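The following pair of complexes shares a single chain, subunit A, combined with subunit B in the former and subunit C in the latter.
Up next is the complex of A and B:
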């Protein structure tokens, strides 16, 4: 059984820029896949190629077992929610949602009533059924987003593509919209591909996350896997806020997350931990946490952060030295030149 | 008829009276709404210099039309007597207006101009809508250069082109026919409209079209259903502009057509009503005014989107 969407060796070059550089990816039926990466990493281009809005320079795309690489968007059974929502300003909400149905009705022969029923059902599902007569400019950001999703959903596409649909919402709405989107995807059991640069969105929404950088996939995995078991230095530092501390020595580099870097007195298991002498240069009080900026002995040029919960009563003063500990399993080793992860066994061999 | 003559004779006083009563009504309305208080009075006094300036500019803009209007009813003796030419000292007359419609082919000119204008507008739209869309969306660097090149064609003046164009017209056997103008006019209206429309098309976000493509339409349908309705104000102002371009074109119309009844307004009126150095001022002014008024209204109606179109094209260069 083939996956719902399969990308094989997809490349896209714009003049000499390698926007997407050899992507192999399988998207399973019913999953919520998040493509995460910094801006300019090629994630939107990749999605546009799945939609058919860009033609790959090389490689093949299969949707539902059929090759669609050169097919126009309308023949792929996909739908898309754009970052700007791209609602048609000259149509009211009803006609916006009905627009893809009207396109299909040429083959499937929907009559007016069938279109009305479908639009109203979808609108009810997204709780916008009272807005059907309005124009897009009369809607709030959150309402526009729902209309865009309704328009994408109304034809029951094989794949729903979402291009940073939450980035135009303000922060308060965003958490809410995220929750609703996930709920909606789960209940309708649709396959969703969601592009974002926001790691919180990615961690919160994705069944699996694809981390991309420079047109290449860095790692594919569940949010927990990506966070706890990064494949390379890029993934390790891209996820997490503040990002992972990376320290270098002559042979390899190693990293640990600021929240795992705690005063020795707080470590659960000091025997299995590595102890560092930590000089605290500055402390930021963030409410729930204290964020410490300082240096580990022997790495005087590499700023190292520690995130200590505020509710643990340890006094941490500026300009002082402390003993900090990281559990051995929380230390990740990376190749010094390639940045690839080194397992501990391999590390022994190198040493 | 007597009423018209009375209105003409008292034109300026009626104008002042109409204006004064409008101002009076406005003040009365404000007093009625806010009460005749000191504050209200001082508000009116404070605002009046502004409206006075507006009034001066309005008068400045409207004066040529008013003078044209007044003069077209004057008898010859009154028209040429100096000084003070803007009031009637002899009774106004309708005879010049009548002679414009009866003794000249003015109605033919209007009909020819409209036929030529409408035909050219249709041809122009058919050619320039797809061209402008292609330049706005579908081409890369070379497309933009090609667009600039096409616009350069517009800068070659008809004074240079009318002789070669005339040969072509004769070759096609279209001499003395409005068809000649219908064939030749798109040579300058198409580049111009294309440039104007391109600006409007660029203002439509490409994402909207992409949404239509994903929603199940092909590119032509996406253009017709999304881009076209959204650039309708631009298209209408392009129509108005193209039409006026054909309306005031002179050289081609003069050279290609010699038969009076087949001439258009821009050539017919001056050739019929100016004989050597004899100007038939009254019908000449009336002829110009009658055609200027609808065009003026059309322009004003679409002025905003017209200006928008020009600047969009300019910025995107």
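Up next is the complex of A and C:
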């Protein structure tokens, strides 16, 4: 049994720029897959190739077991929500949602009645049925987003592609919209591919996350797997806020997350921990946490952060030395040149 | 007390004063409009209500006599009708051609740059030179068009169109009107096209990509997405060329001088012929002023549409 979407050796070059450089990816039916990466990593280009808006320079795309590499978007059974929502400004909400049905009415044989029913059902599902007469510019950001999703869902596509659809919402609305989107995807059981540069969105939404950089996949896995078990230094530092501390010695690099770097007195089990002498240069009080900036002994040029919960009553003063601990399992080792993760067995061999 | 605050030379900060600097920047345009548009316009109104002629430059107020006389003049009524008809008919063709060309020129094809360049030439050519060019093309005896028709058997003995060797483009009533409209369309289409091209390329690519993903094909995207979105810009292009054409007299002056009889005479030309060539300044001014309410309405409509297009 083939996956719903399969990408084989997908490449896309723009002149000399390798926007997407050899992607192998399988997307399962009903899954919420997030493609995460910094801007310019090729994630949007990858999505546009799945949609059919770009032709790959090399490689093959299969959707539902059928090769679609050179087919136009309308033959692929995909729909897409753009970052800007791309609502048709001169049409009311009803006509926006009805547009893909009308455009495909010849192939799918929708009559007027069927179109009306479908639009109204989808609008009800997204709770925008009272807005059908409005123009896009009369809607709030959140409402526009729902209209865009309704328009994408109304044709019951095999795959729903979402290009940073939450980034135009203000921060308060975004958490809410994220929750609703996930709930909607779960209840409709649609396969969703979601592109974002926001790791919190990615962690919150994704059944699996694909981390991309420089046109290549860095790691694929569940949010927890990617966070706890990063495949390389890029993934380790890209996820998490503040990002993982990376320290270098002569032979390898190692890293640990600021929230795992705690005063020794707080460590669960100091015997299995590594102890560092930590000089605190500055303290930021962030409400629930204290963020410490300082240096670990022997790494005087590598700024190291610690994130200590505010509710633990440990006094931490500026310009003072403390003993901090990291549990051994929370320390990750990386190859000094390639940045690839080194397991502890391999590390023993190196040493 | 007063001596406590330092004495400031007000001239030192003159260039920091927005109102003063603004006035300086506006001054050339203001002067131009006042001297070359405002003054002649007021003068035209003054002439229109007087009995001034080239021979007698004394201004005597005679009320609406000139306007009544002009309106009761049968020739003027035909001239007025010609003007409206030429303007409207040519706009229809300009809009059709400009839309088609704008769509073609916003696609990707080899030689696009060269095609655009060739195509913009009619607009870049001075009106009088272009009109003289067409005067030759439409010449009664030596018209190359007639020559081609003759060679292909459309003209000449047993010709499909006429037994004559010539069509007499500028001497035949219907053909002369068609010729004038044709030259105006030829001349104005490039500007309208450029405006429409700007409109088409200002449609966000997201919208067009969305339409493609939604399954829309070329014609649907064109008719239901692109054209409605550039509608305000289309109105602007239309009004622009209408106003330009309404006031133009160069093309007819060069091609026909208004003939045959009065078939191609339009307000601008007739007013010039009566007022300047005929010396009856007062009547010429009154004629020109007949166009004013129409042009004013068009201009207001244009400004309103333009400001609404911005909001979108």
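Basically, the second predicted complex is superposed on the first by the 351 of 351 C-alpha atoms of A that agree within 3 Å, B and C clash if a C-alpha of one lies under 4 Å from a C-alpha of the other, contacts with A are read in each partner's own complex, and residues count from 1 in each chain.
The rule is short, and it goes like this: a contact is a pair of C-beta atoms (placed from the backbone, for glycine too) under 8 Å apart; a residue touches a chain by one contact, two chains touch by 3 or more.
The shown structure was predicted, so the numbers you read here are calculated from the model rather than taken from an experiment.
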item: Subunit A as common anchor, with subunit B and subunit C clashing or fitting; value: clash
item: Contacts of A:65 with subunit B and subunit C, given as first, second, both or neither; value: neither
item: Which of subunit B and subunit C A:298 touches, first, second, both or neither; value: neither
item: Touched partner set for A:151, first subunit B, second subunit C, both or neither; value: both
item: Touched partner set for A:9, first subunit B, second subunit C, both or neither; value: neither
item: Contacts of A:38 with subunit B and subunit C, given as first, second, both or neither; value: neither
item: Subunit B/subunit C common contact set on subunit A; value: 51-53, 72-74, 78-80, 82-84, 86, 88-90, 99-100, 103-104, 151, 155
item: Residue ranges of subunit B touching subunit A (in the complex, touch as defined); value: 205, 207-208, 210-218, 221, 225-226, 229-230
item: Complex interface listing, subunit A residues touching subunit B; value: 51-53, 72-74, 78-80, 82-84, 86, 88-90, 99-100, 103-104, 151, 155
item: Interface residues, subunit A side, partner subunit C - complex; value: 48, 51-53, 72-74, 78-80, 82-84, 86, 88-90, 99-100, 102-104, 137, 151, 155
item: Complex interface listing, subunit C residues touching subunit A; value: 204, 206-207, 209-217, 220, 224-225, 228-229, 231, 312
